[in-house]
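Before anything else, here is the set of structures, which you'll find just below.
One chain, chain A, links the two complexes that follow: it is found with chain B in the first and with chain C in the second.
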Partner chain A sequence: MIRTHRPVIGLIAGMAVAGVAVSGCSAGSLGSNSGDPTSKGSVTISFLVDNSDSSMKLANAAVDAFNATNQGVVVKIDSRPGGTDGDNLVKTKLATGDMNDLLMYNSGSLMAALDPAKNLVPLTTEPFMGNVEDTFKTTVTSGGQVYGVPFGQAQGGGVLYNKKIFAKLGLSVPKTWSEFMSNNAKIKAAGIDPVIQTYGDTWSSQLFVLADFHNVIAAQPDWADKYTANQAKYADDPAIKGFQRLQQVHDAGYLNKDFASAKNSQGLQMLVKGTGAQYPMLTGVVPAYVAMSDTAAKDIGLFAQPGDDASTYGLTAWSPAGIYVPTTTTGEKLAAAKKFLAWMATPEACDAQSKAVSPSGPYMIKGSKLPDGLPTAVSDMEQFFADGNVSPALEFLSPLKGPNLEKITVEVGSGITSAADGAKRYDEDVKKQAQQLGLDGW
Partner chain B sequence: MSLKPITPDDAPSSPSPMRPPRASARHVDATYPLWFHLPGGIIFLVLFLVPTVLSFYFAFTRWTLFKATFIGFDNFALFFAEPGLIGSLKNTLVYGFLTSGLKVVLGMLLAVVLSSPIIARGYLRSVTFFPVLVSTVGVGLTFQVLLDPFHGMVNQVLSGITGRDGPGWLTDPNIALLSVVAIDVWKGIGLATLIYIAGIAAIPAEYFEAARVDGANSWQVFRRIILPLSFPATSTVIILSLIGGLRSFDLIWTTTQGGPGFASDVIASVIYKQYQAGFYGLSTAGNVILFIVVTVIVYPLSRWLNSKETVL
Partner chain C sequence: MNAMRRSSRWLIGSAGIAFTTVFFLVPFAFIFTMAAKDVNEASMLNFSWPAHFQLLENIVAVFQAHDYMLIIAFINSSILTLASVTLLVLLGSMIAFVLDRRKSRLNPLINTLVLAGLIIPPAVVPTIWVMQSVGIFKTMGGLILIEVAFGLSFTVLTMRAFIASIPREIDEAAIVDGAGPLRLFFQVIFPLLRSVVVTIVVVQSISVFNDFQNPLYFLPGDANATVQLTLFNFQSQYNTSYNLLFTNILVITIPMLVMYILFQRQIVAGMTSGAVKG
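Now for the complex of A and B:
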């Protein structure tokens, strides 16, 4: 999941940084090394960020503000491609010792694939790590060491829906899958596409499977550990349900007719315009659709992907990306890098991020608060966090994520393959990843 | 390539009785000392030979870029156990042979037309060759837009005529690969045509004159003179386009990324996806396999085509 959502995560992360920039003035005092030799001139460090528009904009804003307040350190941004090309670039730079002084990269299973024990500087004992939420720390922990500071906000994966359509048709938010399907029948009868899918951006096809994970661990709490140990499979209950649900919406004819070629932004447009009613998505896209219409922020809500049991209804959530220090950063550059990280881990930084761009989820920094007047989908998501009905996505509980999931979900979601065959094929895909990582039991 | 300097004697149109003996090439070789070959040799060694040998080693390891663990033939076993491998192997062969065959047939027909005295011949030749000059990635992205099932120009024209939705050229798993084949032929036909035009131009005019004296019609001229005597061009086109087709990647990646699902995956795109996923050892093993597949198909074919040439 991580890979596919990188653009989204990056976007959020970018916002976070941008916000930080604005509030930078108060943060200087939080730097971890007090004896900074400002008089000797400044230390320049470079920070590698993915080149998505929002990441860059926000990272730039953050760094500008940081540079303005902490005279001893100048942070300079370098960009890299996103997606799998970016993965390769990061791994190559780390392997050849050519990495920037700081890098922004996904947390969870993708970070685990960077061989952090060898390539990243552990931050476990740094005082500023006390400001970081423990839920985030678990996603950047490997071999007992913590390696990252959050870049951006958490996001939820569920179903974005057009509230105007729901109100017009008298529908209520479904708490179970069968309610969801009967809603779909009514929406289709009204001449509106019930479920939007956009396989022109293949990553968006994975949501039905990945956002179903809350339902998987609700049914079997130790599923992720068994999965990592080669004892639980997607081809079996309860995990196969995600694939089956993907197949069901296609077989029932609930998709928009251009599902095979539409792109994510077109999908959001359908949702905002009301030609489609529901879109399984991550909240990272909120800023994108808010910009499409004046009323979109209010009209679009979020519900979690419903499972079989209304009593365990809850949301699957994604941790923000992290900022890491490679082991090639040493001496005064390392001290400067830690100073920047310390500043990033402050509530003031979060407030400033919120000022720059409307956040799409809660921060992972202790004491930070989200501003009022958030888009409806974000406050819907906040409610799940407030109620405690949230589970982390699988990629934060297990280092295993098969690289071909998005291709397989396109096949299942387009009716090329059955859910059973798709799930089986994905299990094979995961096996390769497990062997590459050298996990026990594979 | 020999290092023989170009002299007026080399021009085939003006054979001279004073032509120096062939030994001159050997003589030129002998005058260059070893150090003269060194720069080229070192570049070849460092950039080609060493990586090639290393890739054969890494194909036998589980490689994360950070460390490589020797695992014997496991990568090859895993590559052959890949569920999409058979499909991608089939797609590779379909793609290679289809593009090659179409380029031979259409390229020759175009060359015959463009060799005859028609209006605006120079312009038409340029137009035919133009797609070859455009970047493959640019072509791929352009066709992705043109072939969009609902907003693309092709289907808008089609549905304007037929009144129904056109096919999902790149999104229908049954025709996605064929659509890419068609784009590849459109892009590559110019080169095939150019080779054929040269091949036809190289046929001595006496044959055509003799045929005209004997009263041969244009079909007979094509069948009995152009077709057999342009055989060297045919074998060049076959070999070049087959090698290109079997290892084709860029066009497929920019149009369908091997999709929808795995419907238009070829070996090269499977390898690339494994590389993207960080399975460096596995994808290196895949490249070794691709190398062997291409060699096994192209080497005997090339030998056979060459032997046919000498018969003529």
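Now for the complex of A and C:
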């Protein structure tokens, strides 16, 4: 029989664990921490930004310009992944009280999902909120309180098109859906793919449905409120048209051959090279395709997704992301965070951001101007804003956006599901979310 | 007859090589060619030889990105992998030894707990609460303990199955010769575990080194990044630099690849020399 002395082994195991835990080895910052202007008496606050190239460039430009104003506050950037992992990380950090002093996150229904009343500091009465456009404020308002300052620019959702192809075939920008479809027939006859779809990046499949919202709201102005109150459905007119349009372009054979697996960047390549003529997209992709060729900035234009009536033709717009203060930021850090937000709501901050990244849409700050010489698609979009033919996307008017929309639109756009079935399934998807949010009438 | 058997063996062998080529080398070749392209060419995602071969520039760009984050990440990942695998092997083998050799009424309960570790998925937020209350949240030590906790069940089960195959007579002979329990374990039993230790080291290092979720949630912050987190520096919704993304994949795959190739020999050697007859 063997007898091992349990206490002795336990002691060794305990020592091994404690040794590692106590030493708490962590590699410090290796790289050249740019300048580090931490002067005595200044408050350092950290700002959580998603680590996409454009967000990091924007944030760095804004933060560097702010730190140079020397207000006794130093802002440092901390990055997080984007996508679902990033969303989970933000929610985890908020839930565990570990959030940075400032965070950048989507506005609209995604912000509402952060439970702002519990997790974010209301900014409604701050004087700098007067500089923020009211259209943006509505997208960061929850329960009567305003929570955010815009970060970056608004985006348009419409159809990017290759102007050279349109000029060569003698086509004009369509104002109605039937003009759009007859254009497509001519483009296809010329041997070019009329509509580019890229379901390898599933989010890009939603554009026909989401960018159709201006047409929905033009037909029925109170649709968003009724939708939130469970009185309007995607399965009925006028909203079902977005799904039907998605199905029509597929059934007519207007898509590029590899639509099922192509990625967003491949779609942009097709558009720039002229193997595809039109790509329903958000203007956030503008910097990506501008980098692809020297003439792309000039050759690619934007038109809004056409509806049935040319007289109500207009663009669906996406509000920029917001910068928020979590409730865990208190005392002098809170005051410092507000100083940074106040500066972000000035035209100077917008200019600093324009210098870093070519803007893909207008800022939501009063008195700010866009620089000259912008890509054609951005100036096309600006025109809609100047004419006032813009509606916010549904996600900024209603807290409801079902998580499975992109899967359903891929199915409808690939001809697996009919538009009617797809719309019905999306209504089911939304129902679950509405019940989770505890909305009235569901 | 003999010739036929030889030719069929040859056929099976070459089919095996072809299979390996298609499923392992082609993806690797894709990563390699993508890593050597420029941004525009890479964004087409074609499997082709790059027009401008700029692997070196891409590697430099990947290392420089975000203030040399990749270097910090490599240091962090090495510490994390080394410390947690060492702890796993040490603790796992000791637990397995005691569980196998010392029968007690507690054994069924301990076995259930070990199995539960495999079956029940860990929840992030409550785990963070526990770590915060102990004061080890956002520390490397805390993350190492997390990795050890999540890997321990697998290690104990594997080790225990192996220890059961070591004859008790060896223990008894050692005890008769006057070895204490510590000496018995570290000088007699542990060396016999070599092959299973190598297996555990390979499997667990790869899983810890490749872990994405735990470092993301339990050790957030740029200064604490691990290599898998650096992949996100190059992809986003609208603008993904596929050439840098694939260069990053290439760079962070190499350490694991080298380790696997090195240990491959050890595994075979361990299998043969460590085998004990009952």
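Here, the second predicted complex is superposed on the first by the 401 of 442 C-alpha atoms of A that agree within 3 Å, B and C clash if a C-alpha of one lies under 4 Å from a C-alpha of the other, contacts with A are read in each partner's own complex, and residues count from 1 in each chain.
Please note the rule applied: a contact is a pair of C-beta atoms (placed from the backbone, for glycine too) under 8 Å apart; a residue touches a chain by one contact, two chains touch by 3 or more.
This one's a predicted model, so the numbers in the text were calculated from it and none came from an experiment.
By the touch criterion stated above, A:Q269 is placed in contact with chain C alone, chain B being left untouched. Applying the stated contact rule after C-alpha superposition, one finds that A:A167 touches neither chain B nor chain C. In the overlay built on the shared chain, the residue A:N119 is in contact with chain B alone; chain C does not reach it.
Judged by the touch definition given at the top, the superposed model places A:A291 against chain C, while chain B stays out of reach. Once chain A of one complex is fitted onto chain A of the other, the partner contacts of A:T92 extend to both chain B and chain C. The partner of chain A that touches more of its residues, comparing chain B with chain C, is C.
Once chain A of one complex is fitted onto chain A of the other, the partner contacts of A:L282 are limited to chain C, with no touch recorded for chain B. In the superposition on chain A, the residues of chain A contacted by chain B and by chain C overlap at 85, 88, 92, 95. Those residues of chain C that touch chain A in the shared complex are 39-40, 43-45, 66-69, 71-72, 75-76, 79, 83, 87, 90-91, 94, 98, 101-102, 124-125, 128-129, 132, 136-142, 144-145, 168, 171-172, 175, 180-182, 184-185, 212-213, 216-217, 220-224, 229, 232-242.
Interface residues of chain A, counted against chain C in their complex, comprise 2-6, 8-9, 12-13, 16-17, 20-34, 50-56, 78-83, 85, 88-89, 92-93, 95-98, 201, 203, 263-266, 268-269, 282, 284-285, 287-288, 291-293. Contact residues on chain B toward chain A in their complex (touch as defined above): 62, 64-67, 69, 78, 83, 148-150, 165, 168, 170-173, 257-263, 273-279, 282.
On the chain A side of its complex with chain B, the touching residues are 84-85, 87-88, 91-92, 94-95, 113, 115, 118-119, 199, 202, 257-258, 260-261, 403-404, 407-408, 410-411, 414, 416-417, 425, 428, 432-433, 435-436, 438.
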